[in-house]
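Per-chain residue numbering starts at 1, and chain names A, B, C, D, E, F, G and H are given in the order in which the chains are listed.
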Amino acid sequence: MTERDMKRQETAVQGTAEAEMTKPVTTASATTKSVMTEPVTTTSATMKPVTTKYVLAGFGGQGVLFVGKVLAQAGMMAKKQVTWIPAYGPEMRGGTANCSVVISDKKIGSPTVGKPSVCLTMNQAAYEKFLHTVVAGGVLYVNSSIVPELPGRDDIRIVRASVNEMAHELGSAKVANIVMLGIMQALTPSVSDEELEAALMDLAGKKPELAELNRKALKAGMEFANRL
Amino acid sequence: MTERDMKRQETAVQGTAEAEMTKPVTTASATTKSVMTEPVTTTSATMKPVTTKYVLAGFGGQGVLFVGKVLAQAGMMAKKQVTWIPAYGPEMRGGTANCSVVISDKKIGSPTVGKPSVCLTMNQAAYEKFLHTVVAGGVLYVNSSIVPELPGRDDIRIVRASVNEMAHELGSAKVANIVMLGIMQALTPSVSDEELEAALMDLAGKKPELAELNRKALKAGMEFANRL
Amino acid sequence: MAILMKGNEAIAEAAIQAGCRLFCGYPITPSTEIPEYMAKKMKKAGGTYLQAESEVAAIYMVYGAGAAGARVMSGTSSPGFSLMQEGLSYLFAAEIPCVIADVMRGGPGLGGLGPTQADYFQLTKGGGHGDYHPIVLAPATVQEMIDLTKEAFDLADIYRNPVILAVDGILGQMMEPVEFPGKYEAKVLPAKTWAADGCEGRPKNNVISYYLSSEAGEADNLRWGKKMAQMQAAEQRFAELSLDDAEYAFVAFGTSSRITETAIDMLRSEGVKVGLFRPISLWPFPADGLLKRVPQIKGWMSIELSAGQMVQDVRLVVNGRAPVGFYGRQGGMTPEPEEIVAAFKTQILKGGVRG
Amino acid sequence: MAILMKGNEAIAEAAIQAGCRLFCGYPITPSTEIPEYMAKKMKKAGGTYLQAESEVAAIYMVYGAGAAGARVMSGTSSPGFSLMQEGLSYLFAAEIPCVIADVMRGGPGLGGLGPTQADYFQLTKGGGHGDYHPIVLAPATVQEMIDLTKEAFDLADIYRNPVILAVDGILGQMMEPVEFPGKYEAKVLPAKTWAADGCEGRPKNNVISYYLSSEAGEADNLRWGKKMAQMQAAEQRFAELSLDDAEYAFVAFGTSSRITETAIDMLRSEGVKVGLFRPISLWPFPADGLLKRVPQIKGWMSIELSAGQMVQDVRLVVNGRAPVGFYGRQGGMTPEPEEIVAAFKTQILKGGVRG
Amino acid sequence: MANNHVEIKTERCKGCGLCVSVCPKKILEIGEIANSKGYYAVIMQDEEKCIGCAFCALMCPDLALEVYRAEKGE
Amino acid sequence: MANNHVEIKTERCKGCGLCVSVCPKKILEIGEIANSKGYYAVIMQDEEKCIGCAFCALMCPDLALEVYRAEKGE
Amino acid sequence: MKTVFAKTTGLTDRVFHYCPGCTHGIIHRLIGEILEEMEIIGQTVGVAPVGCAGFCENYFACDIIGAAHGRAVAAATGAKRARPDRIVFTYQGDGDGASIGLAETISAAARGEKLTSIFVNNAIYGMTGGQMAPTTLLGMKTATSPYGRDESMGYPLDLPKLLAQVKGAAYVASVSVDSPQAVREAKKALKKAFQVQVDGLGYSFVSILSTCPTNWGVTPVEALEWVRDKMKPYFTLGELKVPTVEGGGKE
Amino acid sequence: MKTVFAKTTGLTDRVFHYCPGCTHGIIHRLIGEILEEMEIIGQTVGVAPVGCAGFCENYFACDIIGAAHGRAVAAATGAKRARPDRIVFTYQGDGDGASIGLAETISAAARGEKLTSIFVNNAIYGMTGGQMAPTTLLGMKTATSPYGRDESMGYPLDLPKLLAQVKGAAYVASVSVDSPQAVREAKKALKKAFQVQVDGLGYSFVSILSTCPTNWGVTPVEALEWVRDKMKPYFTLGELKVPTVEGGGKE
């Protein structure tokens, strides 16, 4: 992996001038597939402290690191413990980037996530790499705009959504990640909707146009998920 | 101590172009003082293996390191074990240099000499530094051309000789060290006279004039000692 | 108020708050956010971010600034840290306070960008020549990075010694919520009467690192030895987790200590009485604290992001009184808690490691 | 025929005889006779003495030449050796054979010119970043400097690993009679099929030191770990003196081992059954040989020209089964045999040291 | 006479547009179809106009272009 | 009128002869008596001839010389 | 059909890892072509830097040694001194060659090392994500000059201009690859540099103005314009030194 | 009597450790005089090299920081950046400043560090006993060029000539101390260099040709002649760059 990539992939955050140099691939169509398992962790008020472990993966420029940051920020605003760690794949430019996020009601031990309960794969390489790491009963979100229908698993829930197209319709391919964040929020929330939106505005709401776009993307994702 | 000195004092060997930049001081007159002790070590054929430990000290340019090399070379030619280690005083240019030489019939353990059995001090600083290190019964040679009459010790033999003047008479102040070597050879030999002379010629006999001068100096020293 | 911050940025911000007004460094992943943050924030704080031409130059810029009495810092990652070893030896000998962060990445050689703790030996045994030790502090959370950075500056001034922040790549890159507790109040520190900053009104000062004789050299070394003994007596830092009833103990620092915490949760849930001894100061190694636990602990295990370096220091303290195992990952990999649990069972519970 | 030769010159001559045809170095006392001898003799041997602009450059000249398949060497002293630490880490990772002599002087910092062994940690634990070890050989006589220099080149080629000659300043400067036993016959060594020296007639070679993923990094590190384990199995070297009937043992290398020999003579003449375990390879530390003596020895003592570094390795092997004492001098000083005797009596005979 | 020919190795092309910017005949253009890496490769508009000057290939940083000139009589 | 005066700090002098070589009046010379360090210090031959030009002092690397010029009427 | 332009055998078939439009790729190609045309692929040892070009061993068809950051010239010196019969070149970024490796570059020139250095000046540290380089222009914003480089951070270093003053440097050229014409000139300069080495005349050095669209934050085409508008006016261009008969160079 | 020449208060009373006739002593004196005349003793921080002048903290009356070999300029940079109100100078040998510390010297010049470097060129490594320096002349015999330096070991580096090409260098002069007249010129140059710093104009650098009778193996007087006959013809002399109004230097 290059030092440059490490740096770059991370700076390609939502709403900054630095977006991808090349247009994202937008071919596969939207499908959804679900199995009847409950998400392992929710924020529902049980006595046992809840810990949600995320891995969010895709290629550089798809904004997966940013999605992780929003989740972490939201978790923090919700007075939970959070950690966010970026990691970078072995390949050169265009290689896989991912981040691990932990949101927990108690002090976080390991901040690294080998076995996520919630996983997002925005491209095929990520799908292939992380499919088998998700804990049984966990949820895997898949960007079906890019990831073709591939063998899955029966012991996890797989949520497929063509977020590129959805984002495109909203006016910018760049918010595909936020659409997906909305979907995740609807199905496996770690914080309240308000907290998530506040976090998103904190990180990408400096400019009014961007704020509006991101808010719309989040909503669109949530609505899409609620229709599932 | 300077790295330069370390280097320089050593290169100021007998018979090279590099001699002292300043003329040596030649003031004190020749006197000799002896106490009735036997040198600790001789080459006489006893059964017990004999080890002679030398410290030869003076200031840079007086050729004490060279005297040590001649002794070591002679020891080696006599098929003995030998070591030679240079050491340099703390001061800048003009500071004290010395070397430790061990000549032994058996394998040499420590090559460092803290308590010499034979010691040579070519200047006052060396005299003051090493007087008290000589083992009881040892011999201390003193260049009385430079070292004034100072308190000594009763349990060692102190041999004083104005070798600067003697060297001057031979035609070169530079061979004062060799005159002293001759004196040491006469009183506390570690090797035969032939071996010593051969060693000297090996190291400083390349040019005929120098060979002659050094040979004369050695002889002069031995004759002087034999008259003591 | 808590804010979400990257470890590297937290170090930089904490340094500025601690009064650091000069940062001299050279960019290298995964430490680059430190200089970048400094470049962004130093000016406003009235200080200077200075990009050196190399790490060799950087460490001597630190040397000159520290010698002139400034609170000064540098930050780098493993290969750059290697280039600073001569300078560290000089900084120690000239007794110049300063703070250096080593955000460790995969080695040896150019290696990779993944996180490691494989500079432990270099950090604690002296990667440069001669008998010397900087103080080495190893945080395990981003908050601790802030607290230890501030403390590092004080320790540096108190002992006139370089202080190193030993940070694995994960901690440097990780974001966690942190708080900056109000205005930082430095301890009352000795005035830098020794600094070479212009001798107006006092006798002149020299800040040098040589000695003219071996006798003087030994005297200096003995004096430094005493100083190091003082640090060993006063500055051992560690944290303990679940050790009071423990029969077994892990030893780990930084990120690996956090992964180990999770492994401990797992083992405890199986009824294994195991705890964690976490060195915070890697030098001085918290031998006294560890020694206190020796009678009680039936088996030790060091967890590191390396081939096993700190384990030597653990073994030196345990000194044969119990088995000391080791598990580590290398080259940028991190262990899963499950691996640690498994290794513990094989090496310690099943006695697979020598006493 | 025996000739009287300085240790530094002996190294240089032995290197030339071993087929070294390129020396890249930068002068520094007390190692300077190595480059000077090379400057005088290399040309006649058909080789090159190349004065680098710095030790940093020197070690990478060695890197390039070694990568191109040459037998190449450098020599320096402690501060210069510190500047080579990044390079050593790279040399290890790129698996480039070469020989470096570190003629140790007083540190830390600019220090002094007296002899020390205070780079032991730097030499054996890895002064650079990452998990790596060069082979480190420590001669104790000028003759051994010749023999080990020649062997160093072979070991470097066999393992594709840098080999360091660890020489205290006394050995570098000392003259002793030595013999060069005829023409040097190198062992039959593996052909350097990996060298980057022009790919005519074969697939191209790359000599690099990075890995693209942490997975690959771990694999590399594990492979290197295996190589190091092989070296540990096959290349531990040591010498023993009077150990067969010994109840006590000194551990010492280089000049301090020779001073210790004299101390042993003294103690033996008082009836104390004491011997010497002399590591010749400092890395791999001769743990197996030392371990064999552990059951028999009631007390150990490490004698070093430092504040006590190798003593840690001794303790790691003895592991609490007997007391391990230490006596050392620093900053360029050397102990007298009498001091060693006295320290032995206090620490070991009178039990003044912890188990 | 046959056209000069520019062979576009679509899989090597990264869609940077340098060739487009230097073509004196303005016959190159970034296409609409992404290659397997997600880059929109360059396409040739009107090969007949190509003068075979190879400016495009000279500027291509990714060896994605080869240029062939029709020889007399071809 | 009094002479110009060159004060020679014999203990600082190392007998290097640089002053001797530049004195336009050739009135300096390396002496016969060594100082406590063993250096043969420079001596003044004929102070009357000294023009107080301070060439000697300018070239002395060891601050062994001070130069005073006689003032009118001295 | 007559082949006007086809891939050289001086390069492997691997696709470059460089960003779209990065002119590192053009420079690679020129070197590959020269290795092929001079028929020296099998006799050449290249030395890779640390920087974006740190993986160039995947591309050049000749043997490659990967040096540490800034040490390519030192490693090349070792290789060349060990194998004087080989052609040795370094490929380095501006950070590598003009900052951390500055002493190595100038000292090798002074020693007249018979090797060739190719210096790719993109006014930034590409690999590490766009920090200020010794060559960063005044006013230019980078990750470590976020408000623009000002004089307190120094002036951009014009390395070829310096090297032209060094006696052991036999050939010093400063070129660009911002247009097809410039690319042709650059190739000529590079070829001369290799020829100077083959002829054993001394150190040869070619500086090439290059782009970093990614870290400059512009499109590849804009990047070429930026080279033309900003870099070319600042950095001395042309053949700054050509070999004389006796070996050393002449300005 | 009127004092024409007396010891300056810019120096301590310690007797120099330099060899008889070594012109390091003259240069020390000039600096001491300037510190006194400019009334900056109490505001100045000097940075000592490793080399024969490595003990100069014993002589200069101002505060001194002893750097590592080659790192005086880096240390001075740190000191000056930490205390911009102070006058900071380095005193370095040719090995220190032009070999191991070459990158530091040129980079500081490029950054326009507001400090003064005094570069004492005696064409040899004095401290370590006379090895070849980057400035050793062709044909000159040293401990590491025992048969005379030949071209394979490179050409002597003319550092001031290089520095004059660097924009951030405000003042670059190359002088000698081989005669009373030259000593006067040298002092003028040194004083200008300090003045440039006081005025905050940028980096100032003075190279001074100096002797090493000990390692050259000649008498001190012969050494001066050797400077005149051999060194002065090779190394560029004079004021190579003087400050312009806007800060950077002009050739």
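Note that in this section a contact is a pair of C-beta atoms (placed from the backbone, for glycine too) under 8 Å apart; a residue touches a chain by one contact, two chains touch by 3 or more.
On a predicted model such as this, the values are computed, not experimentally measured, just so you know.
**Student:** Please identify which chain has its centre, taken as the mean of its CA atoms, farthest from the centre of chain C.
**Tutor:** F
**Student:** Where the centre means the average of the CA atoms, what chain is farthest from chain D?
**Tutor:** E
**Student:** State, to the nearest whole Å, the distance from the C-alpha centre of chain G to the C-alpha centre of chain H.
**Tutor:** Once rounded, the distance between the two centres reads 33 Å.
**Student:** Once you find the CA centre of chain D and the CA centre of chain E, what distance in Å lies between them?
**Tutor:** Computed value for the inter-centroid distance: 60 Å.
**Student:** What whole-Å value do you get for the distance between chain A and chain B if each is reduced to the mean of its CA atoms?
**Tutor:** 84
**Student:** Take the average of all CA coordinates in chain C, do the same for chain E, and state the distance between these two points in whole angstrom.
**Tutor:** Averaging C-alpha atoms per chain gives centres 55 Å apart.
**Student:** Could you list which residues of chain D touch at least two other chains?
**Tutor:** Only 28-29, 32, 48, 53-54, 56, 79, 86, 90, 94, 109-110, 112, 208-210, 212-216 qualify.
**Student:** Show the residues in chain E shared as contacts by 2 or more other chains, in ascending order.
**Tutor:** Residues 14-15, 39 of chain E each touch two or more of the other chains.
**Student:** Identify all positions of chain A at which a residue touches two or more other chains, and write them in rising order.
**Tutor:** Residue numbers touching two or more other chains: 1, 3, 6-7, 22.
**Student:** Considering the complex alone, what residue numbers of chain C touch chain G?
**Tutor:** 26-29, 32, 35-36, 39-40, 43, 48-49, 51, 53-55, 79, 109-110
**Student:** Along chain G, where are the residues that touch chain C in the complex?
**Tutor:** 50, 54, 66, 68-70, 99-100, 102, 125, 128-129, 131-132, 134, 143-147, 152-153
**Student:** Inside the complex, what are the residues of chain G that reach chain D?
**Tutor:** Residue positions touching the partner: 41-45, 47-48, 54, 57, 61-68, 71, 74-83, 86, 103-104, 107.
**Student:** In their shared complex, at which residues does chain D touch chain G?
**Tutor:** 21-22, 24, 48, 50, 52-54, 56-58, 60-70, 72, 86-87, 90, 94, 196-201, 204-210
**Student:** Give the list of chain C residues in touch with chain A in this complex.
**Tutor:** Against chain A, the touching part of chain C is residues 2, 4, 28-30, 32, 112-113, 170, 173-177, 255, 258-262, 264-265, 334, 336-338.
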